[in-house]
Every structure is written in C-alpha cells, then in structure tokens.
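The structure appears right after this line, and notes come after that.
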Amino acid sequence: MLEMLTVDRIIKNALEEDLGWGDVTTDSTIPKESAIKGNFIAKEQGIVCGIGVCKRVFEILDNSVVFEIQISDGVMAQKGDIIAKISGPSRSILKGERVSLNLLQRMSGIATAAYKYAEAVQGTSARVVDTRKTMPGLRILDKYSVLTGGCHNHRFNLSDLVLIKDNHIKAAGGITPAVKGAKEKLSHALKIEVEVESLEQLKEALEAGADIVMLDNMSLEMMREAVQLAKGKAILEASGNVALEGLRSVKAIAETGVDIISVGALTHSVSAMDISLRFE
Amino acid sequence: MLEMLTVDRIIKNALEEDLGWGDVTTDSTIPKESAIKGNFIAKEQGIVCGIGVCKRVFEILDNSVVFEIQISDGVMAQKGDIIAKISGPSRSILKGERVSLNLLQRMSGIATAAYKYAEAVQGTSARVVDTRKTMPGLRILDKYSVLTGGCHNHRFNLSDLVLIKDNHIKAAGGITPAVKGAKEKLSHALKIEVEVESLEQLKEALEAGADIVMLDNMSLEMMREAVQLAKGKAILEASGNVALEGLRSVKAIAETGVDIISVGALTHSVSAMDISLRFE
Amino acid sequence: MLEMLTVDRIIKNALEEDLGWGDVTTDSTIPKESAIKGNFIAKEQGIVCGIGVCKRVFEILDNSVVFEIQISDGVMAQKGDIIAKISGPSRSILKGERVSLNLLQRMSGIATAAYKYAEAVQGTSARVVDTRKTMPGLRILDKYSVLTGGCHNHRFNLSDLVLIKDNHIKAAGGITPAVKGAKEKLSHALKIEVEVESLEQLKEALEAGADIVMLDNMSLEMMREAVQLAKGKAILEASGNVALEGLRSVKAIAETGVDIISVGALTHSVSAMDISLRFE
Amino acid sequence: MLEMLTVDRIIKNALEEDLGWGDVTTDSTIPKESAIKGNFIAKEQGIVCGIGVCKRVFEILDNSVVFEIQISDGVMAQKGDIIAKISGPSRSILKGERVSLNLLQRMSGIATAAYKYAEAVQGTSARVVDTRKTMPGLRILDKYSVLTGGCHNHRFNLSDLVLIKDNHIKAAGGITPAVKGAKEKLSHALKIEVEVESLEQLKEALEAGADIVMLDNMSLEMMREAVQLAKGKAILEASGNVALEGLRSVKAIAETGVDIISVGALTHSVSAMDISLRFE
Amino acid sequence: MLEMLTVDRIIKNALEEDLGWGDVTTDSTIPKESAIKGNFIAKEQGIVCGIGVCKRVFEILDNSVVFEIQISDGVMAQKGDIIAKISGPSRSILKGERVSLNLLQRMSGIATAAYKYAEAVQGTSARVVDTRKTMPGLRILDKYSVLTGGCHNHRFNLSDLVLIKDNHIKAAGGITPAVKGAKEKLSHALKIEVEVESLEQLKEALEAGADIVMLDNMSLEMMREAVQLAKGKAILEASGNVALEGLRSVKAIAETGVDIISVGALTHSVSAMDISLRFE
Amino acid sequence: MLEMLTVDRIIKNALEEDLGWGDVTTDSTIPKESAIKGNFIAKEQGIVCGIGVCKRVFEILDNSVVFEIQISDGVMAQKGDIIAKISGPSRSILKGERVSLNLLQRMSGIATAAYKYAEAVQGTSARVVDTRKTMPGLRILDKYSVLTGGCHNHRFNLSDLVLIKDNHIKAAGGITPAVKGAKEKLSHALKIEVEVESLEQLKEALEAGADIVMLDNMSLEMMREAVQLAKGKAILEASGNVALEGLRSVKAIAETGVDIISVGALTHSVSAMDISLRFE
C-alpha cells in the first residue's frame, strides 16, 4: 500500500547519503565474487514493519541479491525470530546493511508503539491516530508504520483536511464565520475539523457544521460531557498529553467515549526496534 | 557549520511534503494581510539545537517573516524560556510552524541526549560519539545535533573511514591481510579502524597498523586490559549496549580508559524536546 | 493561495525547456544594456488568472524586471485592457515572454470557462467543480484557475478523498462492504464518496454512510428522484456529459437540486485566452 | 522517436502528483491479488497518439501489467474501436488509469487536430507546423503529437533557430544588421528566420540572406506577392489567425504558395480526444 | 549570454560534491566573524573565461561576499594580472575557492586554445568550430568558452542539426534518400549536413540539397577541389585530425577555402589555465 | 567499485544534454528495426578506464543492446585493439555513441596519464595522488580513473580530511592552535594534514600531532631534510609544480623519500585517449 515512486526516492537518497563516493572498506577487502548469507533477526519482541522497504533497498543496489521475507509487516516477531533471509554478493549486501536496518528499525519501532496503543484501547470504540509530528521527508513511511501497528492515520498534510485552530478562529472572527468561510471556499470533498477548548466552543462548532471537533487538552470529565453533547453530530478527537500509562492514559481517555485520540509521540519520539543482520 | 545547500534541500522537501497543494485551512480563514506574533517556547529543559534551521524554514517560505533568535544552538533552555521570537504574515508563519518544530524538536532532542552523555564522561578522557544509525536523509542534521550537545562525530558515511568488521576480515583472510589490502589500495588520507572481539585480535590489529580499534561488546575488565595493550598505539573505541545508567554505563566504560564510546541510541531512538510555538 | 515551492519548480522546468542552451536570437541581436517596456493586453474578454505566476517567471529570470499588475486574478478583463505593465532589460523580458504567456493564457482560459459555468448555475444551490482530468504536472495551476473563475475544486488526487467506483464495488463485494472496509481502514479525516448508477445503489450508499454520492450519467428525472431520497443525508454529485448548453446543460442539472456538478472539460479541453505582450 | 528519459520524467512527475501518498480507495477496497482486464476504447473518431506513453505509465507502476497495443500512433481510430488491451493487478491498473488517459487523450486530441490541418492543405505544397505555444513541461509530447497527426514541427525552443522579430530588428538597427550580427556570432548550423510585416521588409530580409521569412498577419494577396518575390530564395512562413475554416482558412493560405503555415491553436487550445478505459 | 538556470544547477551540484557534509577544516579553525581579501591572479597569459560563473559560485554560497571583476570574459590576461578581487567572510570564500577555480581554469583554458585557433585562421574566410566532444554535463560552459575565445559553435546536441553520417546513409540506402527522408520528416527550421568521403559523394550531397557538407579526413588537395565544386551551393566543413601546427594545420586547411573547420581537441583535451586565488 | 547510483545520475544527465528532444538524424533516416554491429577501438596505446560506465550508457538507453567488454579497466590497450564489441538496434547505439565515448575517452586519458606517473615512481616508496582539481560533477569518475591507472587518491572532498593551510593557520593563530582546535572539535575518524612552507613549520606541525604534512613547493634539498625530520612521525606529501620530466620531475621528488606526491594535472588538464566506435 506504500506509494513506491516516493519510497524509491527516499531509498536512493538514503543510499547516496550513506555510500558517499563508495564503501571504501568493502571495496578494498572483499573480492567482487565473494558471496554471503545472513538473517535479519529480531533482538527483541516487536511488530515487524518495513520489510518490503528493506527488500527494495537491495533490489535498487543489486537485483541479484536474494531476499526472502519470513515475517510480514504487521506480524509480531519474538526475540530471536528470523524476519528475513538474505543472500548474494557480499559487497552489495554490506553496502545496503545500514540503510536497510535504519529504515526497518524505525518503522518497526513505530509499529510496535502503535500496537501498544491499539491494544490499550481495545474494547472501546476509540481509535488512536498519528499527527503531522513525523520525520521530515519520511512521513509516508511513518504513517504507514502507524497503520501497520494497528492504529490509524490522521490527515496526511495541510491540504487534505481543514483543521481550524485558535489562530484561524481569531482571524476569521469566531468559529462560525471560520467554518462558514471554509465551507464556501473549499472543496466539498474536504472534512472540516475545529479545535475547541470549552464546551461552549464545542456547541458552536457543532452548530456551525464541523465534521470533527478536537477537544484540546480537556479533562476526562469535560470529555465525557463533550461526548454527551456531540454524539452522532460529529467525530470527537481528544488531543494533548496522551500517554500509555498514568492518570491521563489513552485507555482512560478512550473510555470517555471520544472517537479519536491523537498521539504525537507515536512518531516524534520513536524507539527503534532492535533488529540486526547476522551473517552465517 | 551546517552545509546550507543540503539543509535547504531538506527543508524544501519537508515543506512540499507538509503543504501538499496548499494549506487549505489558513488560505480559507485568514486574510492575506493578517499579521501575527509568537514565541518558540521551551516546555521542558533541554539543549537548543537547530534554531538556525528553524529560521531558514521561514526565510524559504516568505522572507518578510522576522525571526529573532533568543537562545543559540548549544545553549541550555529552561522550561518556559523563549527560544526565538517570530512575527510577520500569519499565513506564512502558520504554514511553516509544523515543519520548523519537527526539525527543531528532533535536533534539540538529540542535543539534549548528547549533553547528558557528554556530562556523564566529564573528568575522563573519553569522548562519546554517534554512529551511522541516523534518520535516512537527515544525517547532516543528526550529526550536527550530536556535536551541538557536546558529544562528537564518528565517520559520516562509508567513504570517509575504513572500518574493517567481521565479514571483511573473513573475506580478506584475516586482520593483517585486510588492513594491508586497505592500506595498499586506499587513500593515505583515510584512517583505518578494525573491529575486534578479543585481545588476540586487538594485538593483531595494532601490529597491522590500525589507527583505531573498536572493542566490540567487551566486558569492562577486558576493556581495561585492552587499554594497557593499546595505549599510545591506537585510538580505542568501545561499542555495544552503552547506556547512561546501569552496570554498563557510559561512565563506567569511560573509566576503563578507552578513548571513544559510540552510542547508536543518540540518533536511532530520539525523544523530541518539547517545544511549542505560542502566539500572543 | 498557490503553493509557491511547487509553482517555482514548474516555472524553472518550463524555462529550461524553452531556453534550451540560450536564446540565440536575443543574445546575438540585442545589446545587454537595451531596455524595453511593454503591456500584457487582453485581446478578448475573459477572467484574468495566473498574473502572479506570470510575474514570478520574470522574478526568477531577472529580478531587475519591473512587473506591475493592473488586473488581478479573478477579475474580468475587457478586450484591449492592460493586464500588466512590464519594463526592464530587453533580453530578460524577451526570454520570459513565451513561458509567461503560455501559463497566463491557459490559466485565464480555464478561469474564463469556469466563470461561464459558475454564471450558469447562479441562483441554484449547485456548485460546479473540476476533476482530475488536468494537465500532468500542472494540476496545482489548473485547480487554482477553476477556483479563480468561480467554480470549486473536487479532490486534488487519489489520496485525499475515497471515491468508490464500479471496480472497487465489484472487488469488495458490494457497496456496503466497500464503504465499511474503507471506514475501517482509512483515516477518519477522509470523506467517502460512492459512484452509483441506479436509485437502488443510491439507497445502499446512503445506508452505508457515504458522505457524497456521485450520480453517474443519470437522466434529469432520475436526479430529481435522487435528490428527494438523499436530501440532508449526503452530498449529491452529478457527473457525465455536462455542457454549458443543450438538453443536458449545467443549468438544467443544477435545477434538479444536486449539490455538485463535476465538469472534466473545464481542464481537459481548454481554450487559451487570447493575451499578448505588446511592446511600446 | 520520443526521447524516453524525458518522457519517463514526465510520467513519474504526473504519477507522484496524482497518487499523493497513495490511492486510498483502491488500497482499502481491492485485495492485492485481484486481477482485472480492460480496454482503452475510442469514444469518438480520432488519430491515436501516445499509446506508447500510455503503456509506459503502467510499466513504471508495475511491470507485471500486460498492455497490448491494438492501434498504433498515427492511425485513425473509429468510435468504438479498441485502442489497447490491458490486464493485470487491479490495483496497479486503477492507479495508472487517470494519468495514462490524461496523456493519451491530450496527445490524441492534438494529433486529431493536426490531421485535419494536414488534410486541409493536401494537394498544395504547404506544410502546417506548430509553435512554442505548448504546455509548459510537456513540449516534447505536444510536438510529437503534431507530427503524428501529419503536420510538422517548427523550432523546438529558443536555441535551435534564430527568429528575428520586431524587437530584435529595432534593437539591432534594422533587418540587415540584425541578420548580419546573427550570422557573425552564431553557429553556421542554425538557420535564420526573419519576421516581416511588409513586402519592403521581405526584400530586405531576402537580401540579408534569411533562410526563412515569416509573413506576419499578411493578407492573402500580399502573401501571393511575397511568394513571387521569394520563390527559390527563402522558405516563406505564413503566421497569424489561421483557422481550419473561414476567409483566412489554412487552405486559402496554402494556395497562395507559401511553404509553411504555423498554427498556435494546434497546441495552445486542445480538445482532448474522448477515450475511456472500460473494464470487462 | 549563458543560460543561468542551467549554470546554477551546475554550480550547486559542484558545491555539494566538494563540500560533502561540510568543510571540516575551515569550520574548526576559522571563526565565523573572520574576514579575508584576495585576488584571482593569472599565473600565465591567457583568455579569461567564466569570471561571471566564478562570481556566481560565491553569490550562491553567501551573498555577502564582494566580488569585483577586473578582467572580463574574452579579454587576454597577462601573467600576474588580477582577474578579480574578492573580499568577505573567510569561511564562505575558502569553501568556494576550489569549485570556482576548477570552473574558471577549465573555461579559460578552452578560451585560450580557441583564441589560438581563431588567430591561426585570421585572414582566411574559415571559422573554427567545436564539436560534441565536451565534458558530460558541462557542455553549456564548454561551448560558451569556445565562443569567448573567438571560435564558433557547431550544433549543441543531437536535436538541433541533422548530420547524416555513414551509418545513416547506409541505412537509408544512399545520400539522396537519406536527405530526402530528413527533409520530409523533419522541421524546415533545421539545416541538413552530410558527411562525405569522396568528391562523388559531395556532388550527390549537393544535388540532394544539403545545407552543409562535412569533408571527412580529406587531403588538402581534395578539399580544394571540393571548394570548387561546392562554392555557393553549401557550407563546407573540414573535419578530422586538425591541429594548430604541422602539415595538416588549421591554417593550411583554412587556406583551401573551406568555410568551417571543426576541432574536437578544443574541448576533449583541455589544458586548464593557471590561475590562483592569492590572499592578502 | 564505482558507486552506481551516482554514476547513473551522471549518465542520465549527459544523455539528456546530448539528446535534447531527440536525435533528429537517426530518427528520420534509420528504420526502427535496423541493427548494427561495431567495435570500440583504441586508436592509440593507453590504459582502458570506464568501459563499465560505457556499457551502462547503453543499458540505460536500451537494454536490448549487447555490449561485450574485451579489455577491462586498468589494462593497457595497444593501438588497434578492440576494447569492446557492441551490437543491437542501430538507433539506440548511435544515440549513445557520443556520450559513451566522451566518458570513456576522458577516463582512459586520466588512467593513461596516471599510469605514466605511477611508472615513474616505481622502485621508490612514494605514491602519486590526485587533488580536488577535478571536473565539477564528475569527481567520482576522475578519482576512479586515477586509481585505475595505478596512482592513488587524495581526499575526496572538504569533509573527509582536515587540511590546514595558510589561511587556517593565520586565523587560528598558528599551527599548534589550529591543529589543537581541529582535534578538539572534529571526529577522531579524520586525519589532520598541515601545509608547511619551512622546516620550522614542519617541526611545529609534527609536534602538534599532524598525521600528514604537505611540503608546499619546497626544493628537492629541503624535501630531503624534511624526510629526515619527519620519518616515522607523519606522512610527508610533496606538492606544487610536479611534472613527469624536468628538474622537478616526479621521480626526482620521489627519490627525496617523501611518501606522497600530489599532481593536479592528472585531472585538471586531461588528454582524452583516442578511441573510436567503428561499425562493421
């Protein structure tokens, strides 16, 4: 489901960055004919993500490399599991090792975190979604990883959803004129979301015809009230300081009845999953 | 010290990614003439990094935006500090907000982690350095952030240092022939590093004339012995499972007398520093 | 409201295409110091669009060219009107003439056609919108021109609206499972549109929760019935063989009560507005 | 005969524009394994052009798509004819549908118009040619389409023909010095064309040694005189307000004996040929 | 007269190549505020060429650098002459030094060689021209340098002149059908050149209507005969093993009466002019 | 050993430059089905270099072309030798001819010169190396050619070696603080070279811990003294006005005992090796 023209651009850019004017070590110590076999091994439990991207790194470098996926994107790997087998020319495999791991480890790290958030809200009707707090240039991979881990995506960029915040409201002279202006000028194909800080604002947003309302940093109690007010009229999104654990846990928020919980940390602060390429 | 042609490419790429075909919300709710003022505020303590990159985002978008840096790269900001002041056309400032924050927060997050590692080894003769486990396409920013935080850089990519690892040694028929081959074929301007797993290998590497020797996952005791063997003959680098705390803490490793300690986590698992753009 | 990084890329690409390795005529006959003055003149009535893009062409070529806009985007020019005045180095102005006119004439041509469609539906509640039948690489300009002329935009590309057509329905096993699948997997920020060919299908789409329903090539009568069925439940879009005049005129369709009428011809078959650059 | 490196760049650019970050509809409703068959059908009579470009779109997206050309570039298709058959993965085919049609329909539209102009001058010695009034970034396709339809090409860009117009003449101090200057400074490999508005100017251009003379907006009678003056000395090009029909028809102009008739409308105002992709 | 969009691309590419991820020496030893003054000095006699390109290198790096041209393109510099003065931030000037010199020295080297060839044919009616044997990616600079030195340009690339060689003749079934085919299919704006190896072939080419005939490796005597045959009918170009001195000197060839002498060595084997940047 | 992603970019850029909008001659005279056979022939003795790049040109143009390498990179070809055999579609082969030869001839020219320098120092312990005086955009090819000819590489760019020159020394306040600053701030993976003009400076550089010292334009006698001072402490590089013959010949310099001799002329003033593509 990844748009491959963009992925190819990302990979080529990463390879040129890492190879510089050549892998001096490999080229000076390893004969051209030398072949090698190895396995991508999970060194901790986690959700695999990006294994196709990883494979593509080697296809771009040298299409004689054989890459066999053992664990597909979205599947939980256990510590010690072989995620993929690789074999072929030593030079090509060693040249692609770091770039392929950098991509695979970040993507799996995101998917694994997303999995935990998705688990946490199971049984509720809430979805956990990402934000635009992604790695510049790699958003397509970050968003795919969130989805792979079991969460969902928020808007991709500034052009595919209207999200009216504080400053837009002020400049437009209120929620009602802001929503009205957006509806008049913009495509019918776009949803409109309004960020609110009070129940008063929520009511105004609902009346103005917002499709989605973001409850900015509200207490659990306020969210519950918001749910009562909005049910069936708009999608409610909770936002701000969401964590897996603690008083303001994603589960507690989900139980207020909100539909969407957005979590910036899914992509802005990622722990890479520990994966290594072991040679036989 | 950042190479600006590359930085500009990164910024333009990030802006095109985030803007898509336009910021529909801003364009439909905020008049062209509207102006705004705001402050980039530290919401937690940390080392500022990337504030010049952040400024450049707005220069590229609209050179009528005024951006005044209050806290320079490398300086510790306290919670609540104003890092930079921004004023100018509302539309341009809102369009650049997310991209500028995504860059600034990651870079400051790296610098802050680097600062902690640098602090931890103070008083020893060891340097903490980064690795190639950086964000694909953003290595130049990641490496700069590590430096800004007080740590140092390892090689930038595969072409500026010979780093002979396990597979190279096997393919070349041993450490001695591998080093010899590299010396014969490669530029005298390149240093040669050899990764070793035992003191025997260390001795061989030293005799072969390695400039740097990487001690792969050695115990503290072995590292101390290695220091005795290598002192004055080569730079010693400790690598593998280094953390700020614990038995195998960076401080404990530094106290073995090694020269260099490389830490992948500095860049592969980054916690973004909490910074926001608050409008007046 | 145009995203300028993309516009700049389009202009540079067009200039490199047209200049080749230099304007041999101008460089061999016109002295470097020679200056010139001219006016962009409307040679027929039409809605001006792209005058800022036109100005930008010359800024990119030579920022000493003075370009004064006399008629802004969206305003009707009469035959003989001066749209913009230009003065400066002859060489730079002659080099940019063709590219600037090619862009301005197409954009104004689209805006003028859009104006006529918008006029035609005035007094009804319907909007005329564009499609993805735009010029490859220039969609951002085409969509902006439609808006400038008084019509509206449909989705920008395949990623910002779900539009379930015949083949998707077949593959998913029906409208209901198709909509359900999309809702489950995709972002809550995306609207869902379903293309239907019968009133039965319309009912199914409405029940499945479609936000928009496209009535594919329906008769006026069927559309009227559809409006009765759908009022308040979903946005209705009429599509297929829409023209300014004739039995199936855009006005007749608008009077059925549909909300949206999409017209591919707005961008796939454009008559350039007749505009020329006359020198004094 | 199309330069494929440039064509590939155009196609990739168009695909990235249309796919955005993915075809959300297809990816959420159609299984990866789903296969489809379809036909590109002419919905009106016209000259097919760009079928190889169309095929290339799918090769770039997914080389497992099978694309069989039934009607080659330059051949007249009748309403209902199958131009090409396509089969393969549903996802890939649906993703490429719009881009391939946008290119094919424009190119065939141009070829069809060119065909009519070529027909109109049959039996005369005149050639109808295009201008630089092409779509920015797509000139290579536009010029190829004109040729495919049976007309010919004028210069490709500003560097492959000297075309001395009004402003060049003024700046150089007359036709004679302008032509002399160009001959002295420029490559012997370039032809020189001069635009004239009177028979006096024509004589001067011929004496100065112009290879081609453009008769700007002259009456039919003046053109006939020009032919008498120039026969055998230079190629004569008629330009300005040429149409298929009417007093100033292309046929009437051709019958004056001019060699070349340039028609901007061939590319600046194109009616896309009606072609659709029908699935079985 | 250089097309600056292309030149800018060349310069940026060269700077990124040379700067890598930063000038480590300059950044670590020279304070940001440090300023410097220097002169570009001719260390041997030669024709200056590319001084504007040289200036542009520094504009791109840092527009606060002051660059004053003392000797313009096309002017002979004597050993010791100051070609340009430069002053400004030390860091920016040192970073651009190598790239600016690499471009300036090659371009001046070409111009100086061209000057000698132009000198050698003075008094004859022949022009010395370049070929397509230029540096890949830098043709625009190479061709400009040839012109600056006093020679002229041949075709720029494969699309702006028809040049029918041996293989084309064989495939087309002879010179006459080859020329006829080209005339029929190609633009009237293109000249046609035919390469011939005998006087028989020359006659055929003239009769077929070639605009230019290339005499491939003919003896001086044969060339003289060719001149008799072709005078006034076509431009004659001598090609093959031309040198400044010797039996087959450019002067001797020019005196045969041919119009054009093409010299590949002008650009394929260039001696860089000795120029250095001396700091005060 | 060439980094192919970069090489591909160079080749595509060169092909687009040379093809313009198509090879008008070939497309109009040679049928699509026509096939051809030819040989790349050495027309003088020299070291072949770039034959793989040459092959890649045709792979990119048309992968049905068959290209058989007869003489590999680094091997001496004698006059008349066949370097490679080529066969396949005439059109594709003729289109790639010039670009492939331009690359092959320059690369082989560099390798041949490098071979002569390497020969000249045989029997001594000195290496001849290149500089950054390479062709902008083609450095990767130039450096590879030097290596292929038997010489070695100096640093690739400004980021992979610290090279402290006159201006850095002045700005830093002397050699000692300059070296100290670089060591403190920069990566341990980088070597440090200092350029000196006297033996006093050499001593200071050695004491400061320079890895390499460049003896700038020293007399042979001074170099001999330098060797005495530096032996075993640092690598000594001779630089400035080195030639194959004469008093200051590379051999005479090598015999002083220096380790490295850098020769800018290897790449800044290249004589292309005479190679042609002859068709059967």
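Chains: A, B, C, D, E and F, in written order; residue numbering restarts at 1 for each.
In the analysis below, a contact is a pair of C-beta atoms (placed from the backbone, for glycine too) under 8 Å apart; a residue touches a chain by one contact, two chains touch by 3 or more.
It should be emphasised that the depicted structure is a prediction, and the values quoted were computed from it without experimental measurement.
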Show me the overlap between the contact partners of subunit E and those of subunit F. B, D
Averaging only over C-alpha atoms, locate the centres of subunit C and subunit D and give their separation in whole Å. 22
Chain centre separation in whole Å, for subunit E relative to subunit B (CA means): 45
If I count partner chains per residue in subunit C, which residues reach a count of at least 2? 19-22, 27, 139, 156, 159-161, 185-187, 190
Which pairs of chains touch each other? A-B, A-C, A-D, A-F, B-C, B-E, B-F, C-D, C-E, D-E, D-F, E-F
Listed in rising order, subunit E residues that touch subunit F in their complex are 10-11, 13-14, 17-31, 34, 36, 90, 94-95, 98-99, 101-103, 105-106, 109, 132-139, 156-169, 171-172, 178, 181-182, 185-187, 190, 268-272, 279
Using the touch definition up top, name the residues of subunit D that touch subunit A in the complex. 12, 15-16, 19-22, 27, 60
Seen from subunit F, its contact residues with subunit A in the complex are 1-3, 5-6, 139-140, 143, 156, 160
In their shared complex, subunit E is touched by residues of subunit D numbered 127, 129, 147, 152-156, 159-161, 185-191, 193, 212, 235, 259-260
